[in-house]
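Below, chain A partners chain B and then partners chain C, in two separate complexes.
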Partner chain A sequence: MSQTEAVVSIRQVRVEFGAVKALDGVDFAIGRGEAVGLVGHNGAGKSTIVNVINGGLSPHQGEILYEGRTGSGIATARAHGVRCVFQELSLCPNLTVVENTRLMHSGLSGLGWRRRAAKLIRDSLDTIFPGHGIDCFAVVGSLSIAERQMVEIAINFLGVSEPPKLVILDEPTSSLDAGLAEQLMAHVRRFVAGGGSVLLISHILGEILSTSSRIVVMKDGRVVTSRPAAEFSVRSLVEAMGSVVKETTRAVRATALTAEKVIDLPAVKGAGIPFYARKGEIVGLAGLGGHGQTTTLLHLFAESSSRWLPSTDKQMAFVAGDRALNGTFPLWSILRNLSIGNLAAFARRASIDRDREAAHGEDWKAKMGIRTPDMNNPILSLSGGNQQKVLFARALAGEARIVLMDDPMRGVDIGTKQEVYATLRREAEQGRTFIWYSTEIDEVRLCDRVYVFRDGIIVAELEGDAITEDNILATSFSGEAA
Partner chain B sequence: MNRLTMLSRKPWIWSFVAAAAIWLVTILFTGGSSTASLSQATLTFAAFSIIVGLGQMLVITLGPGNVDLSVPATITLSGTVALKLMDGQDGMILVGLLVSIAIGLVIGILNYALIKFLRIPPIIATLSMSFLVQSCAIWYNRGLRVKPPEALASFSTSSTFGLPNTAIIALFLSLGVWWLLDRSLFGRWISAIGQNAFAARMAGIAVDGCRLATYVLCAVLAAICGYLLASFSGGAALNMGAEYLLMSIAVVVIGGSAVAGGNSNVPGIWGASLFMFLVVSMLNTYGFGAGVRLIMTGLIIISVIVAASRPTGSTR
Partner chain C sequence: MRKTISGFLPILIPALSLVVLLAAVFYMQPRAMSYTGLNLLFNLAVPIALATIAQMIIMAVNDLDLSMGTFVSFAACVTAVYMPQQPLVACMILLAAIGVYAVLGIIITLRDLPSIVVTLGMSFVWGGLAVLILPAPGGQAPVWLRALMIAKPPFVPMAIVASVVIAFLAHLIIMRSTFGVLVRGLGGNSRSVARAGWSVLALKGAAYALAAAFAVLAGMALVGLTTSADANIALRYTLLSIAGVILGGGEFVGGRVSPIGAVIGALTLTLAGSFLSFLRISPDWQIGAQGAILIIVLALRLVINRSSQQEKAS
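After this line comes the complex of A and B, so read on.
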């Protein structure tokens, strides 16, 4: 397709977050009257592409063309008719539907803007979701989550001074039921038939296949396939998202499969599959991000430790992935961040023996290869990967027999990863149990057994050779009829 | 790094610098004649804000939003009940002290119960508690002014080896709190909670237990302060705690403890308490009117906080 026809095209765009290449030289274009479906596993770079197109993120390399002209910034993107319905709802809950409409459309000014805005948004809602029953003067906070999503979609599809040319829908049906989702998809098809363009991101593959004219598959920050939707089936789409080559051999282990169960939980609300873990086992939690894996880990941890009494023997330790949220203590030194997990071991009558604490620090500095001249330096002086090693050391240094890991390798470089993988395997052989949530398929494949999560429940249990990327992807996406 | 630069990096050093400067200026004005009496008075009166400040500091260490506003009411109730109970008899001194401590225990537990089970923010919970406690004090006291036991009154107003006895008690309590904060497991726990409560929870710290213990400690220290203060001033009064509300918070802040929690220090409480008393004495000595005195106090406090909060690199 020629560049002048494209509403938006990006060329050789590269975006990096620290060591992570979110976009690794991506070429991508959306033509007029085209509905492009964008799919890929977590961290494939879908959200980053959306943010580059809507002007919220400046790429480190490459250029963005809006209707053939280079530009950047949110204002430019909006001026060229790019609208974005965000995955996280972006309405102000304390304002009414009409007022939120005004916020998104600065053209609604002057006397009587409320009346005009009300008519516009009501018409838009009536067109997309006939029979919606939403009061346009209601405060957004009083609407249900589905109604909010409908309002947000309707706001972005209406035009005041300039009509929308490209509407980006990032998981638009995540909180809509099947009927509403079908109404939305019908509207998307009408909008596209009328010359508009849509970029659709969804983990419901049925929607993607039925609505898009072209499907773009991303993996590890690259576009791996871009073909007409008619050439795909659910199966071939799942395969395209998975790795094409790279069949690394798993370390097969027969031990521990008969060892005692250290965790045994019934299925959540009677749905799904019960959860258990054996001594010395590495159990993986897979599936798309935010489908209940972290919640499960937090729940397991809360069960094991008291909020009121200092625990004498800790059963579980936790390794954070989101370090700033629930991992590091920013005012403290590396040493204190490390020793807090096992402080009672250096205490004599509640008083801390600082020499033993320091010796312990040097010991683990060597064991984990924490790269710092002095363990008394602040924790924030370390790189992300080394901070993560400190958090691993904190968990492994204690006597906890079960270690919970909340996607701990985010943003960690490959060298560190290999070191930590080896440590995990060694510790597991000595009888420690690991519960490992990871969004990276390669890591999930290192586990002895894997639970796949979808919508808060376990939908599949994979073991041994059944742990493949295809199986994990197939079970984590709904709309898979096979 | 030499010792002087190391010292200048301590967050509490500024409160001592300020206190020493004001002490000097006041002494110079009177030509040195007031040196002994000024120092004695400063130590005596600062002792009370030190004791209350220690407790408030522990609570503030717990992180954003944590503060105990029931301190003045606790001081009042403890002083009132202890004095009425002892009824001027020397044999009851220990009983009075134990009852004071028990009052602190109960108020601390109730404070945290409100915060935890009714999910009220600490600032509101402790404020409502202070109304309840103050009402108890009013109801119990009924305008009576009981004299403290003779032995206790003379103990709290006299000195040992040139140091006021109240200051000596404050020193012992400070050593205890310093050990707790700097050397014990508990100190690490509350510092961790103050920096990142979620991370503290996930590191296996019993967050609720620690917070409860901290609020109880704060109330107990306030109760001890009330007991001493009532004995020192010859009787309890219903407004005796009033000035310690802002004072207890001010000495924590001026002393260089982090207002956002997680990083506190005991020496700063001393520097700041001495400083706060000295500022008032200095302005009195210079003969300023009440209005000017308040404005000056405010300005001086602001300048010390600005000096102390300059980014001086990490202290740990």
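After this line comes the complex of A and C, so read on.
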């Protein structure tokens, strides 16, 4: 395919977030009348590539060509007919369906725009989702999640002054039921047959296989395979997503299978697999991001703590993944960030004993290997990995016997990770239980037992040597339409 | 059909509270039920309604303007001092002030500053400028402005006509025009507005400028009514305008505003003052009683919202 007939092509694009390479020299092109399926595991760079194509993110290196011409920015992308349906809903909930249509299409102006917009959106909804029953003058906030998703899809498929050329669908069926998903896929095929292009991202491989003409597999910020869809099966697609180099060194540990269960939950919504954790076990939560892992952790934590009163005996500690949002106190020193989790231990008559607090700080500084000359330095003077160590120390310093971890190693360098893994191991042997949500296969492989999540429920339980990348990938992507 | 009813619900409660309050006033003072009576009751509502619309536009983009009162005072001082003799100078100053508002909107967006802090700071600037222009109470209203404000149209008093015109105009701009859609969209989900290719910066600046224009009109209307100005003439307007927006069915965040509701809210607030005077409540207690009325109306709204939400869920 030559570059001139491509609707969008990107060349040697690099995007870095801190130490993490989100895109590492990616070449990618979508031609006219092509439906490209994009698959890959967490952090493979799918969302980043979408944001580069729709102009929301400028790459640090490389160039983007829209219909053969270089350009950047959201306005340029839209001018070349690039539309994007985002994974998280991005309509304005306070506006009506018609007003949201207007917001997305600047071509709708002048007198009588309401009438024209209403006709356009109604036609578009009728074409894609026949029998939808959505009132176009209703406020979006009053619609159900599925209806909002349908409206957003319909808005992006309609053309005011010029028809859309490339529609990016990022997990478009995540909130649609099977019938609606089938209607959408049928429309995608019609749209592509009519010369349009679609970039489809989905965790339902059946959808990808049946709808796309070409499938691109991404891994670690690189495109690893790009072949016609006919050459793939569910099995070979899962294999293509797996790592090229297989690591087999897995710390084998005799799991305390007889230890008492400290958590025991029935299956969610009566579906899937019940959840339990034994004393001294490291339990992994795997699967694609946002499929119910964090919700489960928050639910576990909420169950253990009182709703109204601060409890003195804390059974569980929580290590947050998003440090800046709900982990660190950015204006405080390292020591205070550490000691806040366990103030009662060195308080005397409601005032803090500074000497004991400092001794406690030095103790954990040595234990965790926090790299700082002085624990009184501000927390932000530390690197991300060392900040995370402080948060770990905060959780481990307390009495909590169960530690919940919400993907805490995001954006942490490999050396620090190894140190933290060793600490986790040591603590687990002393009888602490860890529930660990991780988006990285390598970390999941460190766990004693792993639950794989999909669509909010546990779909698989893997133990011991069964914890392999292939197994995790195969269970986190469903073969058929949900 | 049910959807259209629930669409009117936000307007229904403020309208109902206004009617109830009005009925109470008429019951206590039947003479108020006349052309002059109504004009007197609602006269001072016109500038408050304009200021409320201005505040509503700021609130539509998820911000809050704490300088509304001092800015209206400033506009009033400029009108009273320069408008009669040097109308050109007055217009230039007021236009420049609107420009400053646009710049404020842009700075707030660009630097991601809290609007409350910026406008609180600006309130001292506007207050200081007002004192510089008019150190002692005085000035005069331009003849045409005075004539406009005391005009006596047939059948319906000027205060009512003006309120309806303001409500209609604001409804047209904020609820019906495409610009209004974008402004409210900014409050609802600014990210999706940006993703649709709009300049959030320009929109925010335009929204602030529009709000300033309404605030300037509020200052001018106030001078037209009182025939003179004072640097502290409209200090109450900051909180009155916020209360008016909320009373009229608006919300602090999420771009949920209603221009017609805001005007009704402003009228209700003005009427509440007169109502309390008719009740012979001492002025010492009036502020507190006004607050009580506000709380009752808001509690009513909360209860109705909650029950309609439960209805939807079941």
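Here, the second predicted complex is superposed on the first by the 470 of 482 C-alpha atoms of A that agree within 3 Å, B and C clash if a C-alpha of one lies under 4 Å from a C-alpha of the other, contacts with A are read in each partner's own complex, and residues count from 1 in each chain.
We adopt the following convention: contacts are C-beta pairs under 8 Å (C-beta built on N, C-alpha and C of every residue); 3 or more make two chains touch, one makes a residue touch a chain.
These numbers were taken from a predicted model, which means no experiment stands behind them.
Novice: Could you look at A:A75 and tell me whether it touches chain B, chain C, both or neither (first, second, both, neither)?
Specialist: In the superposition, A:A75 touches chain C alone.
Novice: Kindly classify A:F301 by the partners it touches after superposition: chain B alone (first), chain C alone (second), both, or neither?
Specialist: first
Novice: Is A:A350 contacted by the first partner chain B, the second partner chain C, both or neither?
Specialist: first
Novice: One more residue to check, A:R394. First (chain B), second (chain C), both or neither?
Specialist: first
Novice: Should A:F318 be classified as contacting the first partner (chain B), the second (chain C), both, or neither?
Specialist: Touch partner of A:F318: chain B, not chain C.
Novice: Output check: A:P378 vs chain B and chain C. Expected answer is one of first, second, both, neither. What do you get?
Specialist: In the superposed model, A:P378 contacts chain B only, not chain C.
Novice: According to the stated criteria, A:R336 is in contact with first (chain B), second (chain C), both, or neither; which is it?
Specialist: After superposition on chain A, A:R336 lies in contact with chain B alone.
Novice: Who wins on chain A residues touched, chain B or chain C?
Specialist: In the superposed model, B touches more residues of chain A.
Novice: Report for A:T328: first if it touches chain B alone, second if chain C alone, otherwise both or neither.
Specialist: first
Novice: Quick one: which bits of chain C touch chain A in the complex? Just the residue numbers, please.
Specialist: Within the complex, chain C touches chain A at residues 3, 6-7, 176, 178, 181-182, 184-185, 187-189, 191-198, 254-256, 312.
Novice: Given the complex with chain C, which residues does chain A contribute to the contact?
Specialist: Residues in contact with chain C: 54, 56, 74-75, 77-78, 84, 86, 90-95, 99-100, 102-104, 106, 108-109, 113-114, 135, 137-139, 142.
Novice: Chain B touches which residues of chain A in the complex?
Specialist: Residues of chain A touching chain B: 298, 301, 305-311, 314, 316-318, 320, 325-333, 336, 340-341, 343-344, 347, 350-352, 376, 378, 394, 398, 400.
Novice: Once bound in the complex, which stretches of chain B touch chain A?
Specialist: Listed in rising order, the residues are 179, 183-186, 188-189, 191-192, 195-196, 198-209, 212, 258, 262-263, 314, 316.
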